[in-house]
């Protein structure tokens, strides 16, 4: 079932390791088949070195396991909130990548300082509020999804396809699992350069809106002219 | 004698190098066979490139060499204090890994800033006090073990399975040599992100206790639900 | 047409990736055949993993495509301004390399702090002014070239063969595509050490003029005595 | 002539690149045959990728070339001052390694903050004074050697086998070329951790003298007990 998507999700998980975003089992990628309404996600706590495409777990959008010999990633309820809320998302990724996690721990959004950021994220990458004790002690992983949705608000989630969850770490997403991982890689690189920028010049201003518009829109939307 | 444990300890030492925690001979891992009461440890100052499993040294818990053509690691007395004090420890590791050593040199504990930390360490990773001149000039390596034990106090050593020894560097431990090295790797990554967090936001708060509990306990103890 | 130059430009683009200056498609290198008045440049948004020498695009100095099945790099007009303005430039490169981009985002020139800098750059590596809204909304990539030329002023562009464009990133150049990439690599290394220097000692002075002269001139000009 | 030493010096130069201390041609290692009074050094500006053992240059202690088809490293006079002044030195190395160079640019000595430092350097690693204009415009490379000797003063150069030359970069030395490179690697690692320490805790104290003595002397001198 869903062999092609399982292969894609598996490859996207392995790409996390190749790009240096995860060590050990510290990350997970999922993808969705919108027609069937089924999500494929990495199993929980399985070593990247021995993991195979067939180990991916298939769930419906309510979290019922449809196929798979392993338990799905602990973070599955967060992924499901994203898929249930946003019909234009095709892949979701969670990591503890170093620089994005550092912003999450510092409780700071990642400001848009330049065109590298603007090429992919149309504005600051937000940091969520603290979860309440009730949210943490309740359905924690689902509430993590809810606070992401609350923070995104009315915006199109693909305009800024990543977020840092306070004291936790980054989630990123995209039109498919590959694109979600791509955005997670860019996120960490952008976070790293934002760190450098802020520690180099403590009074630095963000990129101005005109330049932000220019770079985002030359890559995205109807007037895009980057690429083939 | 203890061929299997010697192989494990050898592999764990080599893993230190693969993970980038040591250069040259700057680290050592040991393991214990509790039934026989024998410890296996890396020889002192032997190059990782030429070291073999059969070069590991076997000692009893009083430090008497039982087997081995080489002298054991200079830090052996520190390892022995750990094994003698804590019956639930199966492996010990010492490195000069960059970020944990930087906290040791700064004389600072590594604060729990997020879930990456909380997944493995149930609270701050402490920094020991200064050794006295008498301790340094006496049985230095044994006193290093003693100050680690003093700093851990009444706690279960596996709740926070690492420490930084002031002006020296990190020790980590675990249920076996592999797990000790795993904890040493996580320690350095957590220290690196703590450094980033503190230099990015000098007034940052630690992770709140509810979230710390949640993440530690979803991976550890009777109600754990992470993994397979 | 221009097979040799296409091979050189292709190799120079691949070298960007090998040296860690770019991820994904985040960079471009061009070269010029001065006799024919033709520029060869990387195609826009093509993956480094599948790109071939024959994919390079050939243009005249007005930007007309002479050969190539792909669209040229979006930044082509910036490259053309450089070639049209400076007859002694044979290669141009643009990246989002981490440290140089961090200075661009901080809006700071890279001060000459030592001999590593002075061996290649005869003085500070300047940061351009902000582009105006009209410049951004007009012929943006061409205006980027214009502001680089404005910043260089009356100087020989090969004396300081790199610049950081504010809130954007670095451009570097040289006598040919290889040399341009070489300068881009040195630029990022020099920027990294300038960052370290400035965060280590906030009141640091630049290298004195005598030492700057000594190192630049022992490698460049009629009295050079470095190398074979 | 001196085939064995040429091979050793060649290997030591290649090791600089493998350890990440140099890019391009940014470093040089030499070694001496004390009985013959001849020094072997890397040629100037030759690429590491194509360099061979037979390309090493042989000089006498006055700098006269005895054998070699290439010009010797530009920094040869600095090396010769070291060999002429200190009969117990067998190898000298110069690099622009990132962290040591950052201290050189900041004009700061590298403080002894911990045992990693104390295991190899018996006290702070000093930064030289500024060269005068006359020294720079005169026999610059020889004066660089002289200011190193002036800074070392009455001490045994092997007690602290490295230095940072202000606004320039590090020199390290040892009993042979291999040992000099080893010290250069340790130097950069120690500098990196000192940077981290100082930016993490701006009021940090150095390691106390008793611990510095303990670690240095357990590895060096008649009472050493580290290693086999």
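Structure notes:
Letters are used for the chains, namely A, B, C and D, taken in the order the chains are written, and counting of residues starts over at 1 for each.
Basically, contacts are C-beta pairs under 8 Å (C-beta built on N, C-alpha and C of every residue); 3 or more make two chains touch, one makes a residue touch a chain.
The UniProt protein names, listed by chain, are A, B, C, D = L-ribulose-5-phosphate 4-epimerase.
Just so you know, these numbers come straight off a predicted model, no measurement behind them.
Taking each chain's centre as the mean of its CA atoms, D is the chain most distant from chain A. Seen as a C-alpha superposition, chain C sits on chain D after a turn of 90°, to the nearest 5.
At the interface between chain B and chain D, under half of the residue numbers involved are used by both copies, so each side presents largely different positions. Remark: chain A and chain B have CA centroids separated by 33 Å (rounded to whole angstrom). The mean-CA centres of chain B and chain C are about 46 angstrom from one another, to the nearest whole unit.
Annotation for chain D: residues 199 touch two or more other chains.
Taken chain by chain, the contacts form a single closed ring in which each chain touches exactly two others. Contacting chain pairs (ordered by label): A-B, A-C, B-D, C-D.
The touching residues of chain A, when paired with chain C in their complex, are 113-116, 182, 185-186, 189, 192-194, 196-197, 199-201, 204-205, 207-208, 210-211, 214, 218, 225-228.
Against chain B, in their complex, chain A makes its touches with residues 23-24, 26, 43-46, 70-71, 74, 96, 98-99, 101-108, 130-131, 133, 136-137, 140, 167-169, 195, 198-199.
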